[in-house]
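Note that the chains are named A, B, C and D in the order they appear, and that numbering of residues resets to 1 at the start of each chain.
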Amino acid sequence: MIHSYEHKVQYYETDQMGIVHHSNYIRWFEEARINLMDQMGISYQKMEEMGIISPVLSVEADFLRMVRFGGNVLIRAIVTEYNSIKLAVSYQVIDKSTNMVHCKGVTRHCFLNEKGRPISLKKSYPRLHELFEQEYQKGKQLEEKKQESDNSKNHSEAES
Amino acid sequence: MIHSYEHKVQYYETDQMGIVHHSNYIRWFEEARINLMDQMGISYQKMEEMGIISPVLSVEADFLRMVRFGGNVLIRAIVTEYNSIKLAVSYQVIDKSTNMVHCKGVTRHCFLNEKGRPISLKKSYPRLHELFEQEYQKGKQLEEKKQESDNSKNHSEAES
Amino acid sequence: MIHSYEHKVQYYETDQMGIVHHSNYIRWFEEARINLMDQMGISYQKMEEMGIISPVLSVEADFLRMVRFGGNVLIRAIVTEYNSIKLAVSYQVIDKSTNMVHCKGVTRHCFLNEKGRPISLKKSYPRLHELFEQEYQKGKQLEEKKQESDNSKNHSEAES
Amino acid sequence: MIHSYEHKVQYYETDQMGIVHHSNYIRWFEEARINLMDQMGISYQKMEEMGIISPVLSVEADFLRMVRFGGNVLIRAIVTEYNSIKLAVSYQVIDKSTNMVHCKGVTRHCFLNEKGRPISLKKSYPRLHELFEQEYQKGKQLEEKKQESDNSKNHSEAES
């Protein structure tokens, strides 16, 4: 099961092109990432209270189709890289009514202590590490299943 | 002299009505307020470093004319109320090319210490108090001059 | 029944004071207003497609208590003024877990046609007018009930 | 000469981590890109009035160092790819006081007519094409000079 977060597209998110301004997708990624962590049982809020911050090191986004005011989007977030020091989360923004992918993206993160020094979750917070590791393994399985299903689809297409 | 802060209207500030989204004026008020404090010799940054925060208690804004992408606005900020515990700043958003007022507003503030308790600047930070008091007196003089000039204008209009 | 719209407080809505930046409440008012219209059976989107826009003429907000990341707020929106030419909507931002009011506000609007001229909904769009009028009457009844209940509460307090 | 656009870091751009929220860098890229076009003699506003829109196809950003409220950043924007159908602009966000690079990024764009169909500037707007082509050639020369200077620096370092 992929965690899927629903966002209602707001008027204030549009620009004069009549579509959602591209900077807002970056904010939706954050909404979905925080929701993913809630689902994993680690609220970002609690993580900050424990003295861990997880800044964004990089972001990439491909805007495939416009999104307009009045619709609802689902944002799917998957942990696609994790090694206790670095984390990558991948996103798909999907139109709820058509199921089409409108945007794909990825954000990369590290973990810092209160002094701003990088930490290894495995060493400093083994329980947190476990939860991220589990989520990462889930992500890998989903990816493998997807490729198998794509392969078998291509296979049957090749046969026909 | 009224402090006047220039802001270039950004594309991301527009909405699908083709005009600046009204929430952004509230942000421009903040830009102008922080600039006013810079001009007064109290940077908001330093005030926070001294352990004082000055949250917004209320905001009012009248949107008289639309503002569009591509233009420049001047935001005039004046201290219109101040008693060492509370502060009010009034704003005018003016189209730089036409000199017309597009928005009027006011924000009200108090001063809190690091524990979130209200403080009197006069008691706790007399030097800061002096600067706000000076700015407030300047605001009053400006207001009086403006009324005199309005009165004499009305007078001569009445005579003619 | 008051329409009540739920908003999850987002990380990107906070500022370095550690609380929600005040400009975002103005955006939440919009979210709740658009949701209110959805509940009334007039989507703002459809209204724009019909060639009607309804710009914000003014906004007022009182920030009574801070709102922090991680919580959920309910935004109650009520039509408190309406005369087919002008509209006022009043808001309360309520902490979902404590039921305490953190912010109160009001926005005022008119209705414009595609040429930007003010219109009377009663004349030009009688069906829309009816829906706003109904909502306005509902708002008045709620207000009266509230006052009665406040009065009887004060009464019994006075008696005791 | 690289076009360099100055932005004062605003309070409303911070988040509760005490730094500028990463989504705002994407907005700064836009500010710098629009300023670059102003410098080139093509205002984005005029381009839209001519019926051309230039949506963002993708964005990438690497956040190397935090940016804090109170500072000023310079955003350098260079046309790094251009073929009359597609455009890439690269950015560096530089701390004005230290000259250190805090963020690097790139946005990719196409050109659409009013019906949303991709157009070739060379065919449809040869004058616009020329301006983008010139800017692209300038960008290439800058890149070459930079590499020469880096090479000679490495060379002398190797010798010493």
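Descriptive notes on the structure:
Just so it is clear, a contact is a pair of C-beta atoms (placed from the backbone, for glycine too) under 8 Å apart; a residue touches a chain by one contact, two chains touch by 3 or more.
All values reported here derive from a predicted model rather than from experimental measurement.
Chain centres computed from CA atoms place B at the largest separation from chain A. Centre-to-centre spacing of chain A and chain D amounts to 26 Å, using the average Cα coordinate of each chain. Centre-to-centre, using mean CA coordinates, chain A is 40 Å away from chain B.
Taking each chain's centre as the average of its CA atoms, chain A and chain C sit 32 Å apart. Taken residue by residue, chain D touches two or more other chains at 11-12, 16-17, 19, 23, 27, 30, 69, whereas all remaining positions touch fewer. Shown here, the protein chains touch in all possible pairs.
Of all the residues in chain B, the ones that touch chain C in their complex are 16-17, 19, 22-24, 26-27, 30, 48, 53, 55-63, 66. Residue ranges on chain D touching chain B, taken from their complex, read 8, 10-12, 27, 30-31, 34, 43-45, 69-70. Of all the residues in chain B, the ones that touch chain A in their complex are 11-12, 14-19, 21, 23, 69.
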